[in-house]
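Labels for the chains are A, B, C and D, by order of writing; each one numbers its residues from 1.
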Amino acid sequence: MSEQFEPKIVAFFCNWCTYTAADLAGISRMKYAPNVRVVRLMCSGRVDPQFILAAFRDGADGVLIGGCHPGDCHYQEGNYKALRRFHLLKPVLEEMNIEDERFRLEWISASEGDKVQKVINEMVEQITKLGPLDLEPISTPETLDEMLEKEQEIAV
Amino acid sequence: MISLKINGKPIQVESGTTILQAAKQLGFEIPTLCYHPQLEPYAACRVCTVEVKNEKGNKLMTSCNSIVEDGMEVQTDSDAVAQARKINLQLLMAQAPAAEIVSEMAANYGVGDTAFLSENAEEKCILCGLCVRACEQVAGTSAIGFANRGKDRVVTTPFDVQNEACITCGSCAFVCPTGAITMDDPFGREVIHDEMTLGPDKAITVPFMQAVPNAPAIDTEACIHFKTDACGLCAEVCEPEAIDYSQKDEIEEVEVGTILLATGFKTFDASRIAKYGYGKLPNVITSLEFEKLSNASGPTGGDILMQDGSVPKSVGIIHCVGSRDDNYNKYCSKVCCMYSLKIAHLMAEKTGAEVYNFYIDMRTPGKGYEEFYERLLEEGMHLIRGRAADVSDWAMNEDEEGKLVIRAEDTLVGAVRRIPVDMVVLAVGLEPQPDAEEIRRKFNISCSSDGWFLERHPKLAPVSTFTDGVFLAGSCQGPKDIPETVAQSGAAVAEALALIDRGYVELEPNTAFIYEEECSGCKTCIPLCPFSAISFVEDKNVSEINEALCKGCGTCVAACPSGAAQQHLFTDEQIFEEIKGVLSYV
Amino acid sequence: MPKLKIEDLQKIKQRVQQTTNLREGKSRAKITVHMGTCGIAAGARDIMDAVMEIIENNNVDDVIITTSGCAGLCSQEPMATVELPGQTPVKYIDLTKAKIAKIFDGHVMNGKIVADFVLGVGSEQTH
Amino acid sequence: MEQLNTEPTKTTANAQKPFRMSVLVCAGTGCVSNNSFKVMEALQDEIKKHNLEKEIQIVGTGCNGFCAEGPLLVVQPDEIFYAQLKVKDIPLLVEEHFLKGRPVEKFMYTPPEGEVAIPKMSDIDFFAHQRLIALRNRGLIDPEKIDEYIGRDGYTAIAKALTEMSPAEIVQEIVDSGLRGRGGAGFPSGVKWQLCAKQDSDTKYIVCNADEGDPGAFMDRSIIESDPHSVIEGMLIGAFGMGASEGFIYIRNEYPLALERLHVAIEQAEKYGLLGENILGTNFSFKMNVVRGAGAFVCGEETALIASIEGKLGEPRPRPPYPVESGLWGKPTNINNVETWANVPIIIDRGAKWFASIGTETSKGTKVFSLVGKINNTGLLEVPMGITLRDIIYKIGGGIPNGKKFKAIQSGGPSGGCIPEDQLDLPVDYESLSEAGSMMGSGGMVVMDEDTCMVDVARYFLTFTRDESCGKCAPCREGTWQMHEILTKITEGNGTLNDLAVLEALAEVVKDTSLCGLGQTAPNPVITTLRYFRDEYLAHIEKKECQAHVCRELNTYIIHGDVCKTDGKGCGVCRRECPDKAITGEKGKAHVIDQQLCGKCGVCYDVCNFNAITIE
């Protein structure tokens, strides 16, 4: 790698709090690392675990979810669901030895522009240290018949 | 009906009426001292004695308690009555020389000074028993009573010890004709109706002249009836019988389309800054209390008076109390400078006192504000640029004796100055209401870091909030003065009317929906929806989303195992593609 | 204690009648036993007890017994005078328990003077 | 209190053997304070010594009346009256009279001027002119034995009332009797009973006013001490007549002996079923309570008494409503004095016509008086209404001691007036006494002789009413105090004619505008002394002189040199005793008083036994 390693981070920001905070950071001319690519969703509850896996699969070095503080959610409980899914997903990622720092969930309210800046810079710095995420190439997905054949060999 | 003659004039009255009441109906004035229409007659002072002729012959009787009888002939001013009244008044004057009401009453009976010996020149109490009866019959607590006999008779509490039964309602002080009972509370308990506190002076008041609705209301905290179930005088005297003690606060549920939050602000609690001495030093008041003083319908009728009732000769006004201060509120409360100038002007105009303003930056941001400031400078107002350090009553030399001394560093002169003044007005800043947090959660809107309600967008939607249909107006959204508040209120109302007038509600474009054929009826999504927009169709054994209720958060979509549930504008495919897209560039 | 009926009042009055009469001086007869020193020596004391006993036995409540000094005739002691209201007192002499009993029911109860024990009738002149 | 047996007893073994002699010893408070209890003990011992205890009965009765001669006893049936007995006299008395039947002349009563002792009680002047109705049982029964009261026809009146008379008849009987309140005002009791009977209320109360606050009055005390049951029976009759079911006896706490005997009487009456549930087997029930007064004179006034029983501050309240309409706890309450109640049983027994035959046209029956002051026969007497004051003082009272001249008699306690010599032929009844400016009052009569200063008497009574005023209404609270100050000024010689005018005006106003009886009658002593003894006031003011030499500041003490030198031989006793060292002189020589130094304390006058010192 000729120049310095630049990690790619996918961030899922909820429209009402974290996305607005990011906007506020922008308005307030706060500098934070460009590595983050933001996907706006209506609520952190919309973040499907598959999106996280898809992001890592498609080359993301880190994933960040940003939601409203508990109790602040525009839809009342969306962030609580996100928190549950986050804790359920963590062990799965560890199975795939994806380091802990690469996947974070942060509560950022609309006025915490500075927090967006802090979290992003911190995450980028940590992941840069960790280096790129190299997942072994997964074999192409077996067709149904190949799976059945394998089953028989074991059974015999 | 009973018929009798008073001073020769015939009159017919109900049976059971007293001679005093009958005389009053005829307009004959009979002096009384121990009588009060709301209390049982006690007939102790004997000043209301009249001469009554009936079949038993002439007799002197007290009119306050004697019931009229048929054929009675009453003389309210015969010479026997006059003589009796003169001697009795002289006796009372001898007993209580300091009771002006007695000497005045004696004067208009041609009695100069008393022919009798008096022992204690300061004595005011004439033992009329009004206070004892008021305490028993009105306040219902009987905390005080008579003790001892003859000349040693006194009004006191049992064993002369402070009586816990006393609820400091002040009825005794209120009804005492000679001012022998005053209302100070040596035990530091809250005195409900102390004259000089700026609290309400009665349990039933119109809060202030311009109150809407402009009708008296009962303050159940202060009203004796709610404490001891006694009194009830207001109901007694209210002719239209409009008073109903059983009314309770009612909670009404109102279905509305839009809500406009205008919950206003609270002034900064000046006692939090100990060194300004608010609540400890006399004559240190907040700007709001100054407003009450200068208000014509306030306790002092508009005169600016100090606690001892005299007019201040010099006044210090301290700006930014609790604002632009790292220990309290960082923000500037925007309005204090202008109202402090108004106070300074009013103070100078009403009392002619020397006025000193302690400011950091004189902020006169409105139309005509700067010109007003210029005018005040010409009127000779003293301006000291420097935040006031403290206010104390510690005098370093004679002319500071008995005064409040404001210590401040005058940054223009570059020296610390000590200004002795009679009265200090603290220009307290504005703060969100203490219950802002609770209101915010109830209406599902968010707050800025310093607690003011957060508008949807500072420029694009300043009067609406993240929740559709909830709008903001006034200083609950941030400190502002009256012109700005009025303007903003107009805007907020316009927004609300626009929504109402439209007649329809724009739904969120990004609501969720379910592909019936994909849905396996596993019902995972149903409990997830806080707005209960998802219902289960029994016969089709599938879930269904009511688009009008769905707010479009997408939580159900993320949870749907079979991907049957999707969200307009945020379908899974779209997001997967978006993820690929964001990762495609370097 | 049984609650009184109206008739009981009368019974109680009966019972204390003797004391009341004694105190009010109301009586049917008055017996005076002469108890001078010689009288006592001659046995006036026993006569007094005898009379008391007779009164008790006959349940008589309106006869008064008093004592008085020596009547002067020591030789005839013990002596007693019986006096009915409105009649002259009669002196009896040389009394014994039996004699006094006879005198009691003869003179006191039936108003007949028992002649054979009588000394004289009337009382001495006092100054 | 031995077990009371009610069954008629034949002469069973333990039965009470009939006594032959009753020794009735006066055990009223007066004599008790003269240790008559010790006299009784001595009697008991002596009788035991001569083992006469089975024949002779020692009885402690209530007040016999002749207090001046206490401790005293009456021997019945011979009716011999012994007076001023000492414990050491008893052995001789018992042996001589009780044993040997020879009355002892030495201990008998000899009237002041007379020399010859009077053995028989009924021959003594003090008793002869009296007529006992309210005091019918005094000295004849042991107050602590109900049987003796029944023995003298006790409780026959209530029996008659309960069985033969209707309540209305009872009330009518009292009306016809003309009985008037003995408490002082003389309100016709019958009318009061009718008013109370008329009220229809399920609860009514009967009250006996035994507060008797007048100083020098002890009629009610003696009645309760000698014959408590007469009061109880009177109240029972009243209660039945008026339809009351509960009664209160409000008695002064300062009467311990009367209180104790009252409790004993009530207990015995309750045991006999004469109090409590269905009395004498009828369906009439009556509960009796005793309430002790806390010593306030004002609580003798009806409404103050009611307030006191209710536990409130003893202060009167305006009338109407009168207590018969709304008294104790708002219920109809009939209040009568002890003596009034004591008269009731005998009126029912003997009938109204008999009672109305006694006394004058408007004041029926008798009145008990306590005769005190400068009088020989101090004591308690009951006389028919209409008797003249002169008879009371001279015939019954035995005249003025030490040959002094009569000056005035004060009737009606502190609220009464002083009546001079020339009014003595006044018949004693309600109307004539009030015309004379005094009042019947409860019956206290204080006799004053020439050594009494009338201004000082007025001042003394004002001190009393001033301290006893409840302080509620201004004229009485302040008026009595101011009148007392003026009178003190006069007695100290600083009075002016203006003071006198102010005093008179004030007295009239206090009398006319005070709320209750206390204030209305407090000025009476001043008004009557001014009316009859105005010259004494003027002497005090103008000549700065007090004829009776009572007001010390006005006295000048002078030593007559010759008498001091010759008789007293200049003994110098006065010189030593004089606190102001105002007397100079050597032994054997005449002494002189320096008028400037003399503090007018009067010690020298008292100590000089050669009466060399006189008061000008």
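FYI, a residue touches a chain if its C-beta (ideal position, glycine included) is under 8 Å from a C-beta of that chain, and two chains touch if they have at least 3 such contacts.
All values derive from a computational prediction rather than experimental measurement.
Peer 1: If we define chain centres by averaging CA atoms, which chain lands farthest from chain A? Would you check?
Peer 2: Between chain A and the rest, the longest centre separation is with C.
Peer 1: Between chain A and chain B, what distance separates the C-alpha centroids? Give it in angstrom.
Peer 2: Roughly 55 Å separates the two chain centres.
Peer 1: Quick one: report the Å distance separating chain B from chain D, using the average Cα coordinate of each chain.
Peer 2: 68
Peer 1: Averaged over CA atoms, how far is the centre of chain B from the centre of chain C? Could you give it in whole Å?
Peer 2: Going by mean C-alpha positions, chain B sits 102 Å from chain C.
Peer 1: Let me have the rounded angstrom distance from the C-alpha centre of chain A over to the C-alpha centre of chain D, please.
Peer 2: Chain centres of chain A and chain D, defined by C-alpha means, are spaced 113 Å apart.
Peer 1: Once you draw an edge for every pair of touching chains, what topology comes out, line, ring, star, complete or other?
Peer 2: line
Peer 1: Got a list of which chains touch which?
Peer 2: So, checking each combination of chains, I get A-B, B-D, C-D as the touching pairs.
Peer 1: What part of chain C is in contact with chain D in the complex they form?
Peer 2: Touching chain D: residues 1-6, 8-9, 11-20, 22-25, 27, 30, 32-37, 40, 48, 52, 55-57, 59, 61, 64-69 of chain C.
Peer 1: Can you list the residues on chain D that touch chain C in the complex?
Peer 2: 4, 6-11, 17-22, 24, 55, 57, 76-79, 98-102, 140-141, 147-148, 150-153, 155-156, 159, 162-163, 271-274, 278, 280-281
Peer 1: Enumerate the contact residues on chain B facing chain D in the complex.
Peer 2: It comes out as residues 41-47, 49, 60, 62, 65-67, 80, 83-84, 87-88, 91-92, 94-95, 115-117, 126-127, 129, 145-146, 148-153.
Peer 1: For chain A, which residues are in contact with chain B within the complex?
Peer 2: 6, 8, 10, 16-17, 37-39, 41-43, 45-51, 54-55, 58-60, 68, 71-78, 81, 85, 109-111
Peer 1: Inside the complex, what are the residues of chain B that reach chain A?
Peer 2: So the residues of chain B in touch with chain A come to 441, 444, 446, 448-449, 454, 466-467, 510, 528, 530-531, 551-555, 557-559, 567, 570, 572, 575-576, 578-580, 582-583, 586.
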